[in-house]
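Only one structure is covered here, and it is reproduced in the block below.
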Amino acid sequence: MSGEKVKVAIVGSTGYGGVELIRFLLGHPEVEIVSVISASSAGSLISEGFPHLTDIVVQPLDGVDAQEIAAKADVVFTATPSGVSGKLVPELLQVGLKVIDLSGDFRIKDGATYEEWYKHEAPEDQLLEQAVYGLCEINGDEVARSTGLISNPGCYPTATLLGLIPALSAGWIDPHSIIIDAKSGVSGAGRGLSLTSHYGEINENLKVYKINKHQHIPEVEQSLSQIAGEPVTVTFTTHLVPMTRGIMSTMYAGLKGDYTETDLVELYRQYYEGRSFVRIREAGKWPATKEVFGSNYCDIGFAVDPRTKRVTIVSVIDNVVKGAAGQAIQNLNIMMGWDETTGLKLSPVYP
Amino acid sequence: MSGEKVKVAIVGSTGYGGVELIRFLLGHPEVEIVSVISASSAGSLISEGFPHLTDIVVQPLDGVDAQEIAAKADVVFTATPSGVSGKLVPELLQVGLKVIDLSGDFRIKDGATYEEWYKHEAPEDQLLEQAVYGLCEINGDEVARSTGLISNPGCYPTATLLGLIPALSAGWIDPHSIIIDAKSGVSGAGRGLSLTSHYGEINENLKVYKINKHQHIPEVEQSLSQIAGEPVTVTFTTHLVPMTRGIMSTMYAGLKGDYTETDLVELYRQYYEGRSFVRIREAGKWPATKEVFGSNYCDIGFAVDPRTKRVTIVSVIDNVVKGAAGQAIQNLNIMMGWDETTGLKLSPVYP
Amino acid sequence: MSGEKVKVAIVGSTGYGGVELIRFLLGHPEVEIVSVISASSAGSLISEGFPHLTDIVVQPLDGVDAQEIAAKADVVFTATPSGVSGKLVPELLQVGLKVIDLSGDFRIKDGATYEEWYKHEAPEDQLLEQAVYGLCEINGDEVARSTGLISNPGCYPTATLLGLIPALSAGWIDPHSIIIDAKSGVSGAGRGLSLTSHYGEINENLKVYKINKHQHIPEVEQSLSQIAGEPVTVTFTTHLVPMTRGIMSTMYAGLKGDYTETDLVELYRQYYEGRSFVRIREAGKWPATKEVFGSNYCDIGFAVDPRTKRVTIVSVIDNVVKGAAGQAIQNLNIMMGWDETTGLKLSPVYP
Amino acid sequence: MSGEKVKVAIVGSTGYGGVELIRFLLGHPEVEIVSVISASSAGSLISEGFPHLTDIVVQPLDGVDAQEIAAKADVVFTATPSGVSGKLVPELLQVGLKVIDLSGDFRIKDGATYEEWYKHEAPEDQLLEQAVYGLCEINGDEVARSTGLISNPGCYPTATLLGLIPALSAGWIDPHSIIIDAKSGVSGAGRGLSLTSHYGEINENLKVYKINKHQHIPEVEQSLSQIAGEPVTVTFTTHLVPMTRGIMSTMYAGLKGDYTETDLVELYRQYYEGRSFVRIREAGKWPATKEVFGSNYCDIGFAVDPRTKRVTIVSVIDNVVKGAAGQAIQNLNIMMGWDETTGLKLSPVYP
């Protein structure tokens, strides 16, 4: 590695994904944050809205201007809402920036499918094609060869796909039997005000929402279909849990053989060998969300029920880290040829 | 109704189920609490351990003595742990008391199955046979004819069975396809100290536990098998959610026809017609646990996915009320021939 | 009491105070809710916004029209925001309704002081004079003689004044030494969206706000000054605690004699003799907010530090009940000559 | 700095303080953890009890043996309970180790005072004298000159003293007027099981405890008396807040002049100039606990009430970091002559 640091900019710095990018990038030895950008708060200090960054980030927020970003930065993270990224990213690519996009706008390869689930216009096909889906442990090689646009996976798909792919890939589970019961902490809904995130409504409450309608469903099905080599359709339920961070995906599938929990543990440990951020629990143990809080880990465990011949797979991540900012930086690391753990080796915060 | 009140005693008054029985029974117009009983704290005031009852319950706690209870009371609620009830209830019946038991000891008709899941000796067969399984909306008639022993259902089974039985009974779902993803607030684990209920371990955390091993599974399967007329085996996952009260059972099953959400709403509304405590949400809406907090309601909603031909059924209760104390009192009401809502008409506490 | 029920209407039914009024009034034996009113949602069902009231409140929401209310109701609760009540209440009084107002608009007798703290125009002096400050345990006689307008106290003042008045009234504490460190659950901020009540911002967080600037300060000082017979100025800090319900006021004052905790317990028990809703903890014990959750109790405890000659007084209430809806109904009871506990005897919900 | 890392051991690794030491020390560039030690779990893996450390800490837990520790390590952190440290630390010093003790056993210089508040025997006077009270921003010079035993401050005293000392030192506040209303997250009570930390008892609850009796009081008074040059006695209330981490100390004192908030901001900024971990909020703003979550910061803000001539000082820390493990490492840094922020520059985790 040279002494020169890579210069990064963050668009959407004043969202939860944005401040989490800042938290990790400040400790990243190979990068320098040259611009924190916010369309709505340009000119002010980020610590006005996020006092936890007082004396930590002292440069004022910049506005969104592709030319100006290009003048300062090599790589830009777009932690912008779906719909906004779709319009902004082409401009950023045009001026020669590498882009890691945290919105969902470039994850679905088929524009029509995107429009059906996201309810607004898809980016151009050529861009959708160019974008590499940055599920690091699965698509690392593609990320390394990327020509400049990484589409960072959604939080639910990250937990879900890392939990399903090894078994599906090995042909151990029936692709038509997959049911996903996913649960998320409230930060997944972002900082925008809504009754759903209003404390009195969600504290001491467990809610289900968007059953079979969540926009992360086509993203999950796209990857599973690729792996299975045939179209896969899943049942997918999303729940809001009264906690700030954390996703648990509890997944059910019919087993195609008499595989034991120990078999699954071995299969997954082999599949993820050498990948630091996936940890497979031993047979009979399952992870809890707090065990990855604040970190880039994805922890996975299994239960096989010989009575019903089904496996239950439990996968947990911190939605703001492995489900957003952390994986985005992991993608940067892979793209730049660095160790994928660079700047990401923080242990979970416990308790 | 005569002016004379029915005299009730509560064994296990110093557990969460016990104090909830007290909360509701104090407002019940037909009963009088004549004895609050605790094996461990006899002689002291319940408000020493539960200051919220200061000046409300002023009679000292009694010890556990069947003869003494029979001298004072007509009916006794046993909110005692599994294993304890199994030994105590026969004594209470012997002295002529009617018993509503909140432990799991009399729910499983087959002693061997009980011992397999509960890991201790089952009560005598004759008692298991005599005990009426008090799932009020399903077995109300049997409860009304009971000769003295009601076995109050478990919290998970109550939410789950009320959610599944109408569709299963109508033959609309495949009994071999049922997957139950259940979530509970932490009070379900009781007041006994354990690391699992330690604040630092469960706050801001979502845990899975006892996958396919929870002792409520045979209780669910027993009822489902009766309804289906064939043995039913389910996949059953239990989660701990960082909140005090509330159970949500998210259930998945294959549909045996092209039933819509509206069809299901109608089916369930007819099935539960005249039963005040089951509320069916309109098509496209699902209940949240807070919407039944502190009340005896069970709220149910549906999502049909035409792509996978599966239905997702969401059923919520307050585990301490409909899942324990409230349903126990509902059983008392039915057994005594009173309106089943007597003393139970409290609205949910919101927010 | 006659067989005829008193007819009540609730303006502001779709706020947290409004739905709590509904919860208690539904179980009140002497009243009938004839109209639930909402300026913003007239014509719809309250259960659309508050599904916990599904099948419980089935009459549609009415609009705000004084004549129409008068045609139906005898008494009206105005659970409307400060500023709104000030304009609406005169109209309601004009058409002959009795009004119990839950806003702060009629609590401050001096219009100029009101305007200084509330930052909008005060109601007419004549109305401010007419309004009875309904701190039930202190001003019960005045409430009983009221000619039609009760101003229901604020949540912080209720906990604070009930905790201070007996000692101040007895001359045991120095009125110039009073410091109030108050803490509230988040529901106190209402259902209106704001970043302060956004789950991700307040969960696992403890915030201080409006130090010495809270609009409840002049209300506290007005009552303390009356009792002390001289102007009393207090230091008053307000905190937001990550819980939905509950207020704790921790109060500090210099003692004017060698009073012990036992002395204080006796003084307070005498002062509140015959008042069901104030419970004084024995010496060496202090209440917690959960011990009054969902109920109309105010619990108080003391600690005397002989080293500093100061007393610490701890007073807790449920802000939505004794701090709003519950006390409002208690005021109705007193005004109508009923037992003050009518319809309010619900035990705290625990756990 | 040499290439050689300093070798550290942690006694009490399986407590909350111990795992937090591990989290930070793993990222510390100058140290190597050579031994994680637990009296109760020697021989097993720490990840058995703390699965979040799976694959992160893979060396088995060692037992407590001073000779063995000395054979491996240069410095040892004792995150052991009060009473245990008092006996263990002399042995560790004897074998030549430098010790940073996180218990309260060496904080109080006067043995009799220690015994009065801690209720067990004090360590020898000579050790109490030798121990340097490691409140880094105040006693940094003494820490740097330490001969081997640092007594790490308590969590409440850290927040409180950093908030009071500059004003007291400047003579701006009356030392006899100080009232401290302190609030802590539940992790402060450790991992030991107790009803107070039982989820159902503390969730959605705010409790006061040990009013004027907390063992941190003599620690606070000892330091304030030194600064004031006369004996200082404080009123000190401790509260438990339903959150895992965080301490807020809200402090009240009479002002000895017409100082404004701006004056105080300037005074404190000057006092803490060059110290990275104390951040002073601008006039009119106050910190919240979440703004320091997971980090070593102490944030302070002020409110002056000209009506009462009192100042309210708000000071927040993360009790597990600046109140325990973080400050312990900061002490190590200062003792070793490193920059005090080494290994501690993690930003707060938000949200």
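Some points to look at:
Order of writing sets the chain letters: A, B, C and D. Residues in each chain are counted from 1.
As a working rule, a contact is a pair of C-beta atoms (placed from the backbone, for glycine too) under 8 Å apart; a residue touches a chain by one contact, two chains touch by 3 or more.
What you are looking at is a predicted structure, and each value in this text was computed from that prediction instead of being measured.
Following the contact convention of this document, C, D is the list of chains adjacent to both chain A and chain B. Of all chains, the one whose CA centroid is most distant from that of chain D is B. Inter-chain centre distance (chain B to chain C, centres taken as mean C-alpha positions): 36 Å. With centres set at the average Cα position, the gap from chain A to chain C is 46 Å. Counting partners per residue, chain C has 16, 187, 191, 200-201, 203-204, 242-245, 288, 290, 293, 351 as the residues that reach two or more other chains. If you check the complex, the residues on chain A that touch chain C are 16, 186-187, 191, 193-195, 197-204, 242-244. Here chain D touches chain A in the complex through residues 16, 19, 22-23, 26-27, 50-56, 187, 191, 203-204, 244-245, 276, 279, 281, 285, 287-288, 290-295, 299, 320, 345-351, going by the rule given at the top.
Across the complex, chain C meets chain D through its residues 179, 181, 183, 185, 200-201, 203-209, 211-212, 233-235, 237, 239, 241-246, 248, 250, 252, 286, 288-290, 293, 301, 303, 305, 307-308, 310, 312, 314, 316, 351.
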